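So, here come the structures, one by one.
In the two complexes below, chain A is the common chain; its partner is chain B in one and chain C in the other.
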Partner chain A sequence: MRLLTHNMLSSNIKGVANGFPLKIEVEKVVQKEVDFNIDFLKNMFYKVEWKALAEASRTMGYAELPENADAAMLESDDFLHKFHHALLELHLEEGALVCPETGRKFPVTKGIPNMLLHEDEV
Partner chain B sequence: MSTSRPELLAPPEIFYNDDEARKYTSSSRIIDIQSQLTERALELLALPDDGVPRLLLDIGCGSGLSGETITEHGHQWLGLDISQSMLDVALEREVDGDLVLGDMGQGLGLRPGVLDGAISISAVQWLCNADKSSHEPRLRLKAFFGSLYRCLGRGARAVLQVYPENIAQRELILGFAMRAGFSGGIVVDYPHSTKRRKEYLVLTCGPPSLSFITPNGKGEDGESCSDEDNSGDEENQTVCVSDRHRPRKKQKVNKRGKGRDWVLKKKEQMRRKGNTVPADTKYTARKRKDRF
Partner chain C sequence: MLFGVGTASSFCFKGVYINSTIIVGNIFSRRSFSTMKEVGTHNALSLPTSEYVGEAPVLRPVSVRAKCSSNVQSTPEIEKKYVHGVYDAIAPHFSSTRFAKWPKVSAFLNSLSPGSLILDAGCGNGKYLGLNPNCFFIGCDISAALVNICADRGHEVLVADAVNLPYRTGYGDAAISIAVLHHLSTEDRRRKAVEELVRVVKKGGCILITVWAREQEDTSLVEKWTPLNQRYIAEWIGPGSPRVRNPSSPRTLVSIPEAEENGTGEQLKDLHAKSSKVKSAEVMDSTSQDKGRSLLTGSGKGYAEQQEFFVPWHLPYHRAEVSGASAVALASGLAKKDDKKGSMVYNRYYHVFSEGELERLVSGLGNAILVDRFYDKSNWCIILEKTS
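Our next item is the complex of A and B:
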């Protein structure tokens, strides 16, 4: 699971008002090379919740992202490459996602988060 | 009928077990159909043609057959499926999108407004079945369309290819989509053919606008193709009941055969069914010379 996906997912449990961002428990991180595409990054920049991304990438052991970011930084090539690496190349292979409100764990195995809810959580 | 409708056999997470998932993905016929359906769904999605990769959601992505077509078009995607076995096959095939194990009937757990579009190939009709005592199809459809509406960006489209079992099911699905706030309708490709007939729910997030027109289906000669038209056709047909005691009238076949008009009519019928038919030329239904 890439951090792009982590940035989109939120906890869907009944009664949870703010299920975002899910905390990451890391067991294994892998890196996979992905083609660099500036247009996609610029498109995604406005949709990504920056604080959550920066925090998630730190948990995954990549501390290069700045705390805050604004659109002017998209001009910098260096910044774009870091953004690209954090968003698309870091994969959470094994671990868990934790709901910030209820503490419910969604296990991640072989890179696939299990977001299935129990019957009483729907 | 039971073999052609897997949703009547077992719930999806049980029907698509390891064997079925492997069978599904090793059949070249299914791969072909899936990629054709995805091509058409992407066409109906009508993303702006500016070369910018978009983020799409594939609902019921299965083993990633549809996702591969999305990747070929240069977009990023996120796949959701309820069957672990199907996702395992997708992992083996090393698809480019991210996979999430989830149930669309529980609502999509995604942040609002993040997606540029969504497609779904042959999945949404599963929601009409209650596989567990806790399942209530209406609530599940409501949760699905409500959450889909929220996570799509404004003006984004969702194209859902469905196999509704009957008219009631089609209306149920469309009704919940409209109640969630979507505008749009159903596009039917090849409405005259039983095999090639495919239905797509084309939905747009937001109020109906003048610029949005539900696209025409393929193989229907530009005529509108709503449900009423189709059911109307069936009703208008009169059923002939022949009296077997009456001597049958001789069929009118003159010496020269059925003639060019008849051939042209038949060819037109086959064309409407979506079959490949040779073009009409001056040679069509021309009689051979005597010396032949």
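Our next item is the complex of A and C:
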């Protein structure tokens, strides 16, 4: 699971008012190189919740993202490459995503989050 | 960005659809939807059931709505067993047959702006993930076995339910739902899945939805499906505990070569070439409902409005053995043996869509408009655009 996905996922358990962001429990992180796509980065910059991305990347052991970001930073190659790396190249391979309200853990196995709910959660 | 009139109509039955941009909600005035009264416009999911007197089926409409789960997001037993269970069991073999990409889906994906985030809800073996190399794809499917196949190919995927997507609102730039809605067993669940697709894309984002059509190009396929009778609907869509039982219908499963399986254009073309009687475009061009009915029912009678089916999947013994799940599937009644074909036969549940039904399903959306619709390779297809 990439942090791109983490930034989109939200706990949808019945009754949860704000399931975002899911807390990350890390067992294993892997890095995989991805082609740089500036169109995608500029598009995603306006979608991502920056604080959630920065905190998630720190949890995954990458501390290079600034605490806050604004659109002017998109002019910086250095910034774009850090953004690219955090968003697309860090993978949670094993671990869990934890609902911020209920504490329910969604397992991440072989890089795949299982977000299926139990019968009593829908 | 969207398909033009010419492109859209070229894949439609001649003369059925002539325009490509209308506002959802006005569609009922169009002539091409005159057959919609056949499926009803109220919320109850009406469908006929059959009682057999010799070879002659007697049709009687029933409503399954009252027996549906009260919670639209709770998965009915029929989907757990005859959709999720089957795909988990056949995933590697299913995936090995799923590589042909439909040109209309490819065209939609390639029409999206570079840098778009595309969400594929019900991605199966992921054959569309990554199709547009300038965009990024995130896929999900309820079948962990299929999602594993996607992940092995390097795609970004998760296990999730298309009826209840665990996504923030408006995050995607576009979404696709390819051959997914026909596996949902109630109208409320099919509508909820559409609402979810709309919810997760941004304002202005487009959504492509395709579903199997009741009006199949190759009518001989339909005769190989098993219509669900009332007992199945009562047992599986109803609240009762599931029990294992073979179909009681005299229209028992007929062996069907994998090549006849719906969804691969080249194979369908081959079939058409072999069949002298199938002239689907000409037949379906007819405005006569009687003519359409005879097409749908083939040699049988009374199946004109049948939309709930078991569609067989033949898993060759040599594939079944390696999966290790075959013995369990046999014991539980999920599969049975067809020694003549040398395969395990799994039934997959389908609700096949009638003409106009998909448009009717999305007609109540307050935040999306229908921007295109077409018939392609025995599928009804629509493109929605989120407006607010």
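Note that the second predicted complex is superposed on the first by the 122 of 122 C-alpha atoms of A that agree within 3 Å, B and C clash if a C-alpha of one lies under 4 Å from a C-alpha of the other, contacts with A are read in each partner's own complex, and residues count from 1 in each chain.
In the analysis below, a residue touches a chain if its C-beta (ideal position, glycine included) is under 8 Å from a C-beta of that chain, and two chains touch if they have at least 3 such contacts.
Note that the structure is predicted; figures quoted are calculated from it, not measured.
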{"item": "Partner chain in contact with A:26 - chain B first, chain C second, else both or neither", "value": "neither"}
{"item": "Chain B versus chain C as contact partner of A:5, first or second or both or neither", "value": "both"}
{"item": "First, second, both or neither for A:122, with chain B first and chain C second", "value": "both"}
{"item": "First (chain B), second (chain C), both or neither touched by A:73", "value": "neither"}
{"item": "Which of chain B and chain C A:110 touches, first, second, both or neither", "value": "both"}
{"item": "Chain B and chain C contact sites that coincide on chain A, given as residue numbers", "value": "1-2, 4-5, 7-12, 19-20, 37, 39-40, 43-44, 47, 110-117, 119, 122"}
{"item": "Touch list for chain A against partner chain B, complex", "value": "1-2, 4-5, 7-12, 19-20, 37, 39-40, 43-44, 47, 49, 110-117, 119, 122"}
{"item": "Partner chain A, residues of chain C touching it in the complex", "value": "71, 73-74, 113-117, 134-136, 138, 140, 142, 144, 147-148, 151, 156-161, 164-168, 171-173, 202"}
{"item": "Touching residues on chain A, where the partner in the complex is chain C", "value": "1-2, 4-5, 7-12, 19-20, 37-44, 47, 88, 110-117, 119, 122"}
{"item": "Of all residues in chain B, those that touch chain A in their complex", "value": "51-55, 76, 78, 82, 84, 87-88, 91, 98-103, 106-111, 113-116, 132, 134, 143, 147, 151, 153"}
